[in-house]
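Below, chain A partners chain B and then partners chain C, in two separate complexes.
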Partner chain A sequence: MTSRALAWRTVTAERPRAVLAVVGVMVIGALLFDMLLLSRGLLVSLRQMLDTAGYDVRIVASDGFPIRSAIPHASAVADEVARLPEVREVTIVRTDRAVVQIPGRRPVEVALVSLTEGAERRVWRLAAGRDLGSDVRTNSASPPAVINRGLAEALALGPGSTLRLRVIVSGAASAVPATTFEVVGVADFEFDSADEYAVATTFDAFRRARASTASDDADVILVSSKPDVESSATVAAIERRRPDVRAYSNAQLVARFDENGFAYFRQISFVLSSITLGFAFLLVGTLLTVSVNQRLGQVAALRALGLPRRRIASMLAWESAFLVGVGGLLSLPAGWALARQLDGILRQMPNIPDRMHFFVFEPGIAAWHLGLLAATGIAAAVYPVWIATRLPIAATLRLETIS
Partner chain B sequence: MTPIVEGRGLTRTFPMSSGPVTALRDVSIRIDEGDYVAITGPSGCGKSTLLHLLGCVDTPTVGSLLFEGRDAAALSESERSRIRLARIGFVFQRFFLLPMLNAWENVELPQAEIGLNPAERRARTAELLEYAGLGDRAHHRPSQLSGGEMQRVAIARALANRPALLLADEPTGELDEDTGEQIADLFDRVHADGTAIVVVTHNAQLAARARRHLTMKRGTLEASES
Partner chain C sequence: MGPAARMLVFVILALVTVRLNADTPDTVRRDPVRLKPDTTYAPARLQADATNVKADATHVPEILLSRQLMDQARVHVGDVVTLATDADGSHATRFRVVGTYEPVPDPRKFSARRLEAHLHLPDLIALTLDPKNPESSDQVSALNLSLLNPRDAGALTAALARRLPGMGAQSTSQSGRRDDPFAVLERFHEAIALVTVTGSTAFLLALMVMRAEERREIIGILRLMGIPSRSILVEVLLEGLLIAVAGAIFGILVAVAAQGLVNRFFQWRYDTTLVFVRVTRSIAWKAVGFAVPLGVVAGLAASWTLLRRSVISLVRR
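Now for the complex of A and B:
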């Protein structure tokens, strides 16, 4: 009978101990798994969000990204970038804050968005009505608007509805007259958050709402590289052509976010992961040590019968592996279920985009998690193995017989 | 003829917090092939300590112990393990069967350890369980066996690798008189089949079955009679 088979028989023969250990490791492992997911979740989620829109490079005005700073003469910059051989598509994004006024309702603050025509398909998914475009005609003289689903539900708006919108200057509604828009479509925006309302319109209507027809500023210019071109090559080409702007690939943006905004999550995750690993070590170590102490007579007898130390050590190591292995595997679904609950709670924080998640499953994280638990199981088995292999056979047999 | 085991001037002292305790003093003993030796004496006189030295699970503080001509003290722990596995069988007062294994598996374990192939193991295990009168209890776990049955499984296990020497430490200590008799009968058979036996016991009937009787008192061999 192999050590593994002996260990399995021992574990299954002591069911209450095994269940206690497996459940304990499962609970602790679930917490560990969640901490590991949290340590990278936002980064992975951010990267997925950035990639989904189909733009791999972002151009901003200064090195202070993501601090908002307008790009002057954005159309000229976009035209120049669009002519680069590495570039497939360029979209200018302009945003502003505004207040939507509906008679008889409380004013609602929204993000007013304007995109280069044709880019809509990448930035939102139409849920009802029509899209913006050069051929769009409204029933009135009002310019068209596509609103996000949250605003449509909050103000009971839909295609054909009208809304009056006034931009905000320095935190208050500006003196510029309100502009009336006709809603032509309702959409899910890629960067929507539960508490964020958005109104997208054409560049002309955007300028009209801001009463700055001459302005050609933009918040960000989105660039899509050609299929066979690396993002880094596009970034380099843009910065060579226009040294007055900064270009970032999605990977660079995520790296900057990791360095700046994400350090807290990493630190929290590290501390809590270490603590959970410590608990796993103590739990398995204690259970195995107690179990070995209860079986000292058996172990001494096996040694007296001629079973070598390595056989005893290997049997105990397998016992640990079974307890930690089964608990560790169960901790994956348990941890994932818990992660979804925690994610739901954390995403209730304000300004979190709907598609952003704190916990994102990655096979690599699951492998890391199982590896850490395996290492903990091995470490936890060291002391009980030492007790079992170093016990004085004769003295133990004598003590076990008289006790 | 080389004795199976020979101890010369064996002394075993245990370090204790209250000072060293000498459990065995200057004991010399020789066990030959075909021997059946009973060691008796009051509790704490050093019988089990002597048995452990003879079985190479302990080493003397002073003196030498030769197992089949090899100095046990000069052997490594793994070499002593190998001798115990291949040449010595142990029977304990408390049986020490593995509770998660059935009788068959308990008997098979030392054979697997020594490297016997599965077919040989099957044949030997079946033979031993029949020999011990447990052919119909092969698939029962220790918790499903009586004390006498457990001790017979333990004897079968001790004989698994055809040892030259069977050492038994109070093998009837946990058993009633009738069951003790059955165990004594089994030892007689084992001895008759050519295995040397050393049994440490308080059981006068069991001791009476032996061919040689040794009495111990305060760590020394007081008397020896054949």
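Now for the complex of A and C:
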């Protein structure tokens, strides 16, 4: 009989114990898997979000990004950047806070957005009605607006509805008059979050709403490099041409978030992964050690029958492999199910875009997970193997007989 | 580490002062400095200017710099530094460093480098004055209010919103909102604690089953001697209780010892005095409340399977 068959018999002889051990490994393994998903989840998710928008460089006013600071004379900056040989497309993004006023109801705060004409398709997907554009005509004299689905559902708005909003002027008492928009479309915005409402309009209407027709500030300028140009080359070219602004590639942005905002999740992931691995090691090691101690007579008898130490060691290693292997494999689906629950909890934080997730699967993580569990199983088997292979055969058998 | 210790560690993680905020301000190549005379602040640039210390030491205004800024800028008490609110250094003002301070730990800024300075209010106003804006000398970023009755915070917020459109007021006490980041994190840690307890319970049960099996013959002999199953069960119950209490106490001791290590590590990592983990009495009691019944029930469940078997099957080899 092979070592593997012997180990299988031992494991199946004590089914309740084996099932409980496998369940324990599965639960702990699921937690380990989730912590590995969490370690890079936000970064991967953020990178995916940034990349899918189609822009690989972002221009902001200062180094203090993401703290909001307006880029003055944004149109001039965008024109200059657009003329660079590395650049394919430039989009100016202007945002402001506003409140939607509805008679008899509490005002609803929204983000008022304006994009360079033609860039709308990259930033939102139209769900109903028409898009913004130079050719769009409203039924009334009101300027057009595209609203996100959340706002449309919350206020029961749709194409043809009117929307009255007033821009919030931060830090000062303001008498900016309200502006009435006509909703021409409802869309899913790329960076939508469940708790944020958005209203997009044309640049002219945006300036009218802010009662500031001379203002040409922007929050961010999005740049798309030509296909054969590296983002870093575009960043360097922009900063050479306009040293008064800061340009970041998507990779640089992700790295900056990694250093700051996401550091907590990386740290907590590291701490919990380490503890989980240590925990699994201790528990599997304890189970195997107790199991070996209960079978010392049996092991001594096998040795007395001529079974070499190598096979005894191999048998115990197989036992560990069965417990950790089955539990580890089961931990993948269990971990994924748990990750969805934990993701749901963390996504309750405010202003988390709908497409952003804390737990993101990457094939490499599953391999890492199984590798770590395998290493833990091997390490946990070391001590029981040492006991089983070093025990004195005659003395053990004698003790077994007289007890 | 026993289940109690495991559980305690995670309950601690769940319930104590681990704080974060994803939108913490960042410090970058230009090294903006936050000036904080109570509630008014502005970003500025700092430049060490030690060459003119003696010439103007008696006339330059005073400034306090945060420990982190002193370290980064390699400035010492007595040095003269130049502060400017814009990148090109125009409208710069020189200050004499008269001391250093440790910034008040802020969970929302724990991952940010606290490059800050304290100025006298007139000095700050003079530094940030915008000649184009006559109101700039009378502007502040925020006002701190102390209410006669803290329960009036909601009413005050509403009144301010009505009377001063554009102004916002926020209570410093816990918001109680479900989407409060700290409340969300607390739920996240509690969920992890629950999963860990589930895994621990499975392992604990496996160990108890093995332990009960180990004592199969002894239990069989006791029953052959006429000792009733109930007495044996009570003995198992008391033994389990003793072990569970000891395990819980050991777990709390491990957690108390570990909190210092965890705090020191994270305080070193983020250069802050913020306390990340604190074992409070309520957390300790909660851990005991979980661990003790769990241990006792696991022991009873494992022994119950033996006590239900016939005496002959127990003593058979």
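Miscellaneous remarks
Keep in mind that, in the parts below, the second predicted complex is superposed on the first by the 397 of 403 C-alpha atoms of A that agree within 3 Å, B and C clash if a C-alpha of one lies under 4 Å from a C-alpha of the other, contacts with A are read in each partner's own complex, and residues count from 1 in each chain.
Note that a residue touches a chain if its C-beta (ideal position, glycine included) is under 8 Å from a C-beta of that chain, and two chains touch if they have at least 3 such contacts.
Since we're looking at a predicted model, the values are computed, not measured.
In the superposed model, A:V44 lies in contact with neither chain B nor chain C.
Once the two complexes are overlaid on the shared chain, A:L31 sits against chain C while remaining clear of chain B. By the touch criterion defined above, A:A251 reaches neither chain B nor chain C.
When the two structures are aligned on the shared chain, A:A304 is found in touch with chain B, with no touch to chain C. Note on chain A: of its two partners chain C and chain B, the one contacting more of its residues is C.
Shared interface residues of chain A (contacting chain B in one complex, chain C in the other): 14. Those residues of chain C whose C-beta lies close enough to touch chain A in the complex are 1, 6, 9, 13, 18, 20-26, 28-30, 32, 43, 87, 110-112, 139, 141, 164-167, 178-179, 181, 184-185, 187-188, 191-192, 195-196, 198-200, 202-203, 205-207, 209-211, 213-214, 262, 266, 269-270, 305.
Residue ranges on chain A touching chain C, taken from their complex, read 14, 16-17, 20-21, 23-24, 27-28, 30-31, 62-67, 168-174, 195, 256, 259-264, 267-268, 271-272, 275, 278-279, 282-283, 286-287, 290-291, 294, 338, 341-342, 345-346, 348-350.
Chain A meets chain B in the complex at residues 1, 6, 9-10, 12-14, 297-298, 300-309, 311, 392-395, 397-398, 400-401. For chain B in complex with chain A, the touching residues are 14, 48-49, 52, 55, 57-58, 77-78, 81-86, 88-90, 92-94, 96, 98-101, 105, 108-110, 112-114, 157-158, 161, 169-170.
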